[in-house]
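First, the structure itself, so that you have it in front of you.
In this document, chain identifiers A, B and C correspond to the written order of the chains, with residue numbering beginning at 1 in each.
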Amino acid sequence: MKQHRWLKIILLCLLTMGLAGCWDKQELNEKAFVIGIGLDKDEEEGKVKVTYLITNPEAGAQQAGGTTKEPPQEIISLVADDFISSRDTANAIVAKSISYNLLSVLIVSEDLARDPNFIRLIYSAAKDREIKRSLKIIVTKEKAEAFINNNKPKLETRPDNYFGLIINRGQKIGMIPDANLKSFFTDTEGDADFFLAIYATTDKEQRDKENTSDDNLIAGEIKEEGTSNNTEMIGSAVFSQGQMIGKMTGEETRISSLLDDTWNAVDILTAYPDPFDERYRLTVRMSKQKNNTYKLTNDYGRPHFEITVPLYIEVLSDPSMVNYAGNKQKVVKLKQYLTDNIEKKMQQFIEKTQKEFKGDTFHLSVPFRKHFATLGEFRDFDWMKTYPDAEVNVKVEIHFGEFGRQTKLPKLKEVRD
Amino acid sequence: MLKEMFQVFKKRKQKPLSMQQQLVGEQTELKEQSISSDLEENFQTLKKLFHIPKNNDVKVRELYIEGLNKKACLLFISTISDVKSIEENILKPLLTNKSGKEIKEIVSIQAVTEIHLFKDAVKNLNQGNTVLLIDGCSQGFAMDCPNFQGRTIEKPNTEILIKGPKEAFIEKVDVNISLVRKKIKDENLVVESIDVGARSKSEVYILYIDDLANDKLVENIKNRLNRLDVNSIQNLSLLEEYIEERSYSLFPSILSTERPDRAATFLEDGYIVLLMDNSPDCLVLPATFWSFFHSPEDHYLRFLYGNFTRALRMAAMFITVFTSAIYIAITAYHSEMIPSELMLAIAASREKVPFPAVVEILMMEFAFELIREAGLRVPSPIGPTIGIVGALILGQAAVQANIISPIVIIVSALSGLSSFAVSDISLNFAVRLIRFVFIICAAFMGMYGMTAFFVAGVYYMVSIKSYGVPYLAPMSPSYKSSSDTMFRRLLRNEKFRPGFLKPSDLQKKQ
Amino acid sequence: MKQNKGTIGIKEYIALVILTVGAKLSDDTPAILFENAKNAGWIAVALIGLLSVLPILFMLKVFSVHREKNLHEIILHLFGKFIGNIVSVLLLFGGVFALIVDSGISTDIISSFYFTKTPPIIVYSILMMVCAYGAKRGFEHIGTAAWLLLPYVKITLFIVLLFSFGGGTFGFIYPLWGEGMLPIIKTVAKDMSIYADFLYIGLVAPLVTSFKVLKKGTIWALAIVTFEICIAMVAFVMLFDYTTAEMLAYPFHETIRYIHIGFLSNVETFFFPFWLVATFIRFSFYLYLSATLLGGILKIKEFEYLIPLLTTIVILLGAAPESPSITLSAARKMNFQLLTPAFFVLPPLMWILAKIRGDFKNETA
């Protein structure tokens, strides 16, 4: 009999708990899914303008009970103290409860990113339970609000789709950095290397054609025509200690990615002037299949870093039609030429980081950490101070792969005949 | 309804008075009398006992045995005895016999036993035997000639295999024993019988291999059967509830199978098998979780195929138990887990549905169970209707009317379909019922509630025992065995009998 | 229906210890270790593991001559009734305190990461009710359940570690010695009691099938657990770098929130149930141990009946503190520091006393 009494009590307890329970329960259709949060400076000190980009699940969905003609997204901007408290304020406008489940991008205007108070604001993301550390950070040239409003992807109906795809693709080709909240925190707290955020804009800027190669561009500079979306994501914003201090073009971002071993290998398509005919440019495909090697020597109190970057290169075009593939000498020449060219570019880039940013953007401190036994020694070395004055040498080791799908081309003369 | 539910629990332990004392109308006193030497008197007593002439099929044949120069009387129940054999082998020799031989030497029947009490006479008659009473003789003769009607051996109906033997037990116990004996040609296979039931005496046959089965276990089961104090137990399915240890438990602790090959395999591993008339199946005990989970085909199929089936069945079991619950937990509590596209798709499909996910799921699961139950009971001519009604109305129409979101149909169909892969009916029910508990847990506390219940369930499962054998043995706690649990091993590597049975001979091959 | 007290074999024993002690890598233990040792936390764990061999060996030596006795009975035997009881009571306080604090922390993890709106007391009650049920089922069944569930818990842990290694940067573990040897040694000295569980396991020593199993199982479990926690600490540092890792209250849960597997970008709910399973088993075992000790001190044979009482006390005390992640973490650190000497000193002391009393002579004779 005793057992039954227990059974009853437990049963009743469960029933009552069931009646009172379900605190965290929230059905999917009661949520408004925020895809991106835009942050802007407000005129008033200490306030921010928060823009929510909310996706509409019904857009584009096939439904048995009839489809809707609702727009794919909803955008709300409001002024708040930070982007945590803004959540409830937004509910004055949005009917469903604001959910960060699908939050994937944090869009910050350059103006705000350059503000020293930006770091205070972004650290509230570390407190919020729902915000993940894999959140991507995008810095926009214009106001974040304007960026979100102008961003109208044509082929991806819903914004969550669009951001996921474009960022993923951009990272694979090295045009934009892998910029998530976790690396923002680690880089800021690590106090040695700079953090790179994605740079984007919808604000077009006309620029002369001739002084740029394909990728030496930053967002807003690509000359694009047609009916596509205005948004461009290329290049990166450089953050030092949680504050934006500069920006880099797509090419610089690529170089930074090649120098950085903590990045996943990227697959780069780029062009170099043809060594055999200066009028043309050679298209090459570059990837890193082995890790860089790093060496530290200390001559005369000035640290000397040596970085060796092994590159796997496939030359994909032969505009001068010299058929270098079959010619050993030409291959050697090409290799030498490319090595010099890339090394020069890298060296220039490093100089820029040393002079302009006064810090490295490619996690140089990480491989050199093993030269220190303790954190104390590492801190005394003071990476931030030492790097700008250090001597950094880059060596490139090129390993040729295929020369395109079809290695031989007809002789130009013969064709012309 | 709640009150009634509690009453179900309450009535459990009202111990009935001993049956022997209150068998009204059983004429116990008459039965206890011994057979006298006066034929007329004996005849009257039996008439009384068998309600002759009210009782139509009890036949009495009075005759005169010339050789002995005595009057005699032959009794039998014509519907359950072999009338032809009585005529050929008993009546004819008795009537034509002229010599003064003993009765036993006159009749040509396999077994002739002398009986002294009316009790035995009654019992023998009820079993289809013929009783011969002779004037001036204070004993009767019971002659073996039963002929109960039943069907012939057929294919199994519930445990269907593609590869392997295709005989099933039938309602005649001697046929069943014969089927088992056919598989185990071993003189050590013992078939003991115990009477259960005070009014209707039914025999329960205990089968075990004498030098393999653990003696204590056999003793334990015999005791249990002897202690039963009920009027009648018709068949094994009813007996099962009388002898199982935890009648309220969700988990079955006695295995019932209709396949003689399976029973034989269990016997050879040292298990005990119970057989009974009127039961087209046998009970195997002790039973562990794995014996419900396994199917004989796992071993009949080649190694990889058999294990693939096992994996499939395990997956099916998990799907049945967890899919619906996980769907609720994820959509209502942990929505961040779903890939964004899917999440938005679900959100979109739920937009127009008026009910919370739990209600949707419960509705669909209930509907599925209904279709299943109705489909089982429906007379076969209108069987196809059920399918049409189920699939069409519940599926498509509910979605189109925005009552159920399409994804819920997928989820509940998946869990329903998977439940069929668990072939054992007891385990099947257990799994289906547990599913509902998990759904409620998930609705209440999401994954946390589910895990809490799951861990509690595992604690329960490892602590229950079937006749002293831990339910999840030999996986945990581990015993020396062939490790035939989740997956089977190569037959030549399955060297041991299950150690948890404590068999006398552990090793079954080198 | 009382289940008879059974013994457990080596598989179940190791599984139980691994789940119980190994579960510490998923609460705030790594955070406590990172605090001083920084990115060399894993070295500290390895050292703790190595050093723990000493007291454990002493303890096993003492157990080798008292195979029928549990820790409490041995303490009574060695220290005499009065002092022995005092020692046991102190141990009980340490143990129950650890149980309260650890379960409070687990509740905090559940309610701050997964069930933010549910009142913590409900989360706590469910946690402890399941554990009480498990503890009441008895030691044998906790062990059996542990062995049954161990593979799933460890496979998922392995996946987590694999993906965090994949997503991490190996360079972050340098400089190898962290803040230097001194902070590492300090960490070892302060937090050695993360393995104090091994001392309490002595309470169930007679319930393990044989002394050989106990000895082998304990050493194996110690090795596996140390390895596991080391690897996890390395993974956390590789993923977050020491600066961030040290700031995270519960690195394991931040890890499973951060990593993504293929097309699934948020997998924490996938790992959460497995972590919970380990947690349930861990506290069931703790509850059982505390009840055994309390029963021993109060001379109550049927100590299973103390479990509901203990559970109630644990829930009431554990749910009491404000802002649990800070209060409990501080309490935990304090408990670590108090238990460390007990863990390190008690076994050798017991050994010396046994030696003086001449208990070891019987063995050789």
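A few comments on the model shown:
As a convention for this text, a contact is a pair of C-beta atoms (placed from the backbone, for glycine too) under 8 Å apart; a residue touches a chain by one contact, two chains touch by 3 or more.
Bear in mind the structure is a predicted one, so any value in this text is a computation, not a measurement.
With centres defined by CA atoms alone, the chain at the far end from chain A is B. Comparing chain C-alpha centroids with the centroid of the full set of protein C-alpha atoms picks out C as the closest. Centres computed as Cα averages put chain A at a distance of 41 Å from chain C.
Note on chain placement: the centre of chain A and the centre of chain B lie 66 Å apart, centres being C-alpha means. The distance from the centre of chain B to the centre of chain C, with each centre set as the mean of the Cα atoms, comes to 47 Å. Chain contacts: chain A has residues 17, 21, 24, 101 touching two or more partner chains. Taken residue by residue, chain B touches two or more other chains at 333, 336, 340, 445-446, whereas all remaining positions touch fewer.
Of all residues in chain C, those touching 2 or more other chains are 114-115, 118, 265-266, listed in ascending order.
Interface residues of chain A facing chain C in the complex, by the touch rule stated above, are 17, 21, 23-24, 101, 129, 132-134, 182, 185-186, 189-191, 261-262, 363, 366-367, 369-370, 372-378.
Against chain B, the residues of chain C that register as touching in their complex are 3, 6, 8-9, 11-12, 110, 114-115, 118, 123, 126-127, 129-130, 133-134, 137-138, 140-145, 147-149, 263-270, 272-273, 276-277, 280-281, 284.
Those residues of chain A whose C-beta lies close enough to touch chain B in the complex are 1, 4, 7-8, 17-18, 21-22, 24-29, 31, 33, 55, 57-58, 61, 63-65, 99, 101-102, 104, 130, 158, 160-161, 164.
By the touch criterion stated above, chain C contacts chain A in their complex at residues 38-39, 112-119, 122, 169, 171-172, 174-180, 239-244, 247, 254, 257-258, 260, 265-266. For chain B in complex with chain A, the residues that touch the partner chain are 6, 9-10, 13, 331-333, 335-336, 340-341, 343-353, 356-357, 399-402, 406, 440, 443-446.
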